[in-house]
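You will see chain A twice below: alongside chain B first, and alongside chain C after that.
On to the complex of A and B.
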């Protein structure tokens, strides 16, 4: 809205980014279909999403945070803390799992509020604040479980959330659809969502335009924390076990999905649809590698080192996406400058 | 001494912790175990010096733990193949410099945020190492441990080398143009550029130095045991960043002295032994570490607010 003249060009660029991502996903599918076993079998396709829906959830709520120009490194640790508190409530205090799930989500929101307070009210850099809470939340989870305890033996009705199908789709996928719709509406169809882009684009300008920068930015961190709590509950339902190391490294996967999806790491521009595509690309990569049986790397069958391999490739992918983003942007500005030069030197069209 | 009030208050807190340990658990101060504990903290000290420089230049590097592990394994493999220790050290330094240069390239010349770049390189190196070594313990040949000397002189070399690095780097940061340029770029990169400093080259240099220091730290860690674990650097980044931030290095760059890192690290490193000696469970270490980082940053924020209110 702020720059109506650039609107069509930017949407064109975004569309282009998303087409590139779609092509990447197609190449992945073709590759893994040829190299692996039963990659496109119906059971595996729902497996891909059953086993990665938590990453998708984190990526969805990481998007508004990055839109404001911030970052939240604590989401993976938040999952660990919420999972442990959830297990503790159910197993030691006999709370019903659904009530405990509400408690876990509230705890996540509360932790997010802590981040939001330090970042917006104390005016501290998000990166170091969430690096601190990254350590704090995981440390609390470890302290609560004395380093090694795990909670298991949850009622079947709750485990169904992670393992059963509803209307032919994994149960947790329906939750994911719901959250996707919610976050999409919030980011793209509310004043709050628009204000986030303004804040990320120019915080001072947003303030002068009458936007409450503190409150709107803080909301993004609170939403992120709450959904991290939800992701922890879903992960516990799938694994049937709650322990302190739940969700290690998930924040990186989420950030990768967001950046891959074309959201600028400097804030100000991005989209939920891009994030979804970025997430699908990562989920397919993780699953596809574990199905390659015929090939070897460092004398190990690929399927047995799939975790390390996909971790490494995710890191490289993030670096490539970042570098490509910067290079594309500098190309675009150069083109824009050239065009503006052309229009200023030829003020009157020849026709 | 108002200028160094932060450093002195951290040192005082450390002194207080030591004093209470002296009363509650005097056996904490037996000479040999104490010397071993100090020696085992020296690699973290060297990494923390590097990350302090990175933070002063207004960047961050969280790939240093992964760099540390990678350098340790490379040095270990070179040593295990029968080559002399000097070659192993050079190989580690080369690897560290290369990894640092990659970070520096992406941050300084492409203008990418260092937190995301080093997050990505951290995972890349970490997982590459896991893929390559499969978590195997690496046995080192004779003559590597303590540089082939007795334990006492080996410990003396490690502590001496770290002290030398601290004095040298602190002096460079205070008195040499390259060191002052790091402060200038960290305070205001644009002003530094107008003053004739090349901020990109300075930032690049800081990341390369970080890699070299991580390699040196890895070697100091390598010589302390007959085996090397591919995961030896896990969590090193948090420890080092916490030590720097607690030691008064301002997270927004441009302020702080390397000397502050020393009490900062010693205060943090003794949280765990202190917990044990006060008969508390050790699981709280990570939580306390996180809390200390947040407290240090909040204290920084308060100071800054007070200064801007006065000014």
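On to the complex of A and C.
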């Protein structure tokens, strides 16, 4: 407890983590600009985000969940279920796509409520609960489509959400901006976000301060489910079809983005800005790798291995960023110690 | 005692952590067969000094002599070889292993895959436990033992490793009076067998009862070593704080007003509280005495809605209320400063300001959006009002000393503007200076018309602060005494239950 000035150092540390991520993103851009084909072309930059915005959405709402010290593995499966129900409503029951979108988002919230109930009222561990619903939601989606059916042929107006540009940017990016603003406000500017932090650091401590651990934690899972429903709708609009197998593995990429962004997996500390940077770093990596088809590595065409390579490099990126974070932290404390040795004029009261 | 062997001698020990000079030149000696108390406020350097003796910290300068030999670089394992053992406030045992396994693990350093001789291990453990007079089965799982029993196991470990220097860091902080006396007997036995005991405690009466000599630390310096008999309590406190402490307990200044809390035959099956009826008036401090486990904290938890009552009625200012969770309690104007400050009282990772507003989120942030300026203002005001020593409202709770953390916990509840304030062991593990400040704060609050229910295992505190004293035993209220007439002996007798006390009630069904 011998940190002389705490608040500035904390922000400095956070800033440092985010600086690391910015540096990583910059390196990625330089690398792919040299290796890849038309990487920085306007159309490709649009593509990077058009093709990954769903992961960004999941990462945003995964952040409050992880802040409480929890996790939600069911979000990718939730997307599959919401996508199928959306397709079913529009194609089988002639519901307008926009109304069906509202239904999909509500279904997501409802599924999140199920997670929340099991976690906060039945006191089951989030990892186990969402591992269960991870299988359950996907299984329901497959049952509804009998395993193979896909819904397509949606009206063009709806498909524009996934493919058109609005004011020069992909339409879904505007939705993403709105959700980012919403989640940022919720996490960093409201009593709810503050409560999540307290719960993440010390659930019993929060309870003794009169914070409703159940309600606040539950809200995080409900929000996550609802936005997973929204992500499903956007994905269907981009792909033009609704299948049971959409969004597989998205929850893991979202968790990677959140942790890469400096949010503690144990809960308590974290930020939406970090999550955004983590998401961008992953999105660029995946897109960039698919662009280096023109080049050859070890005399092998890369295109065939881009997928495998991207998985490997995403993992490496996460581990390296975490290691760099730990390294920077220890450097910072060492420097702080050295500085405080130099300036011994202002001794601290507590030991 | 002049030619008794000196087990340990430290001279001019200095140790700094960055800018903080924890030890500025401490000298200390320990003779064989003595109990040497180490006294000082929190932050005076006691913990650092212990860590130097146990080899956890290397001193920057100064000399350390063990059994007449100068020791240059002491490490924890070397300290163990030299016969130095330390028993901490919180026993560091493996809860899922048996007593004999724990003792066996501590005693011998065997190869990783060596065969364990279970029979011999058990025998050794049994012998050690017998030697200190502990009635503990070597086969008992440590998790099933009470705190004092675990401490006895620690002592057995220390003895078994052949320790000649035993350091005890506030060993009685979580013990009941009876258990304390058991421990005292063990300490005296150790002393009589030639072991030197370094004894750290905040309780002065304990030092008088047990220690031969006392060394007082203040601000990282040793300000003197004295035979215990040559000092009065007031002199000791003065040595510790370096200033005159006029009266230890501030006098009562107010006459109790209207009844604020009225409990009628309140029971809670889950937490073992049965048929408790009591009242607390505005401006009154109701002290609550009893042994650890008598149900005092459980009663507080009922009032705060953590374990709601199963029967009986609770009235607040004449209105019957039901308290199903802490939010209900807060809404009704009930505040609870919990016993476990680090786990429940303050969130150590969060800034002071966040901690202070935590129970009034709805009131201070009515639109659900954080208002940083309002929060800062409140925190600054509380820091000033309660004299919290901190770098500022943004300093994390964990950076404060125990006493200041406790003040933050109190500040959080004052911010709720409560009608009833429940304090659970408000000064446990708090240094003498902060303790008297907290007492003054409690008095001031009572004077301002707050009803105060103060749970405390510190009998002098209960006697010094309370307008009335309630005594609990086995989940029941067994005595209610006027504060002015209360005597330590009769309260203790009621708490223990084998008493001549005629104010006792509800004997039947006491478990």
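One rule holds in what follows: the second predicted complex is superposed on the first by the 304 of 351 C-alpha atoms of A that agree within 3 Å, B and C clash if a C-alpha of one lies under 4 Å from a C-alpha of the other, contacts with A are read in each partner's own complex, and residues count from 1 in each chain.
Here, a residue touches a chain if its C-beta (ideal position, glycine included) is under 8 Å from a C-beta of that chain, and two chains touch if they have at least 3 such contacts.
All figures in this text were calculated on a predicted structure; none of them were measured in a lab.
Undergrad: Is A:93 in contact with chain B, with chain C, with both, or with neither (first, second, both, neither)?
TA: Neither partner.
Undergrad: A:195 in the overlay: touching chain B, chain C, both, or neither? Say first, second, both or neither.
TA: A:195: touches chain C, not chain B.
Undergrad: So in the superposed three-chain picture, is A:211 touching just chain B, just chain C, both, or none of them (first/second/both/neither)?
TA: The second partner, chain C, only.
Undergrad: Considering only the touch criterion stated at the top, classify A:268 as touching first (chain B), second (chain C), both, or neither.
TA: Second partner only.
Undergrad: Same chain A residues contacting chain B and chain C, which ones?
TA: In the superposed arrangement, which is not itself an observed complex, chain A uses no residue for both chain B and chain C.
Undergrad: Which part of chain A faces chain B closely enough to touch in the complex?
TA: Per the touch definition, chain A meets chain B at residues 71, 73, 118, 122-125, 127-129, 131-140, 142-143, 145-147, 249, 252, 255-256, 259, 265-266, 297-298, 300, 305, 308-309, 311-312, 314-316, 318-319, 322-323, 326-327.
Undergrad: In the complex of these two chains, what residues of chain C are touching chain A?
TA: 17-22, 43, 45, 47-48, 304, 306, 325-327, 329-330, 336, 338, 343-351, 354, 358-359, 361-362, 365, 368-370, 389, 391-392, 394-396, 398-401, 404, 412
Undergrad: Quick check on the complex: what are the chain A residues that touch chain C?
TA: The contact residues of chain A facing chain C are 1-7, 189-192, 194-195, 197-198, 201-202, 204-212, 268-269, 336-337, 340-341, 343-344, 346-351.
Undergrad: Spell out the part of chain B that touches chain A in their complex, as residue ranges.
TA: 60, 62, 106, 110-113, 115-117, 119-124, 126-128, 130-132, 134, 238, 241-242, 245, 251-252, 281, 283-291, 293-294, 297-298, 300-301, 305
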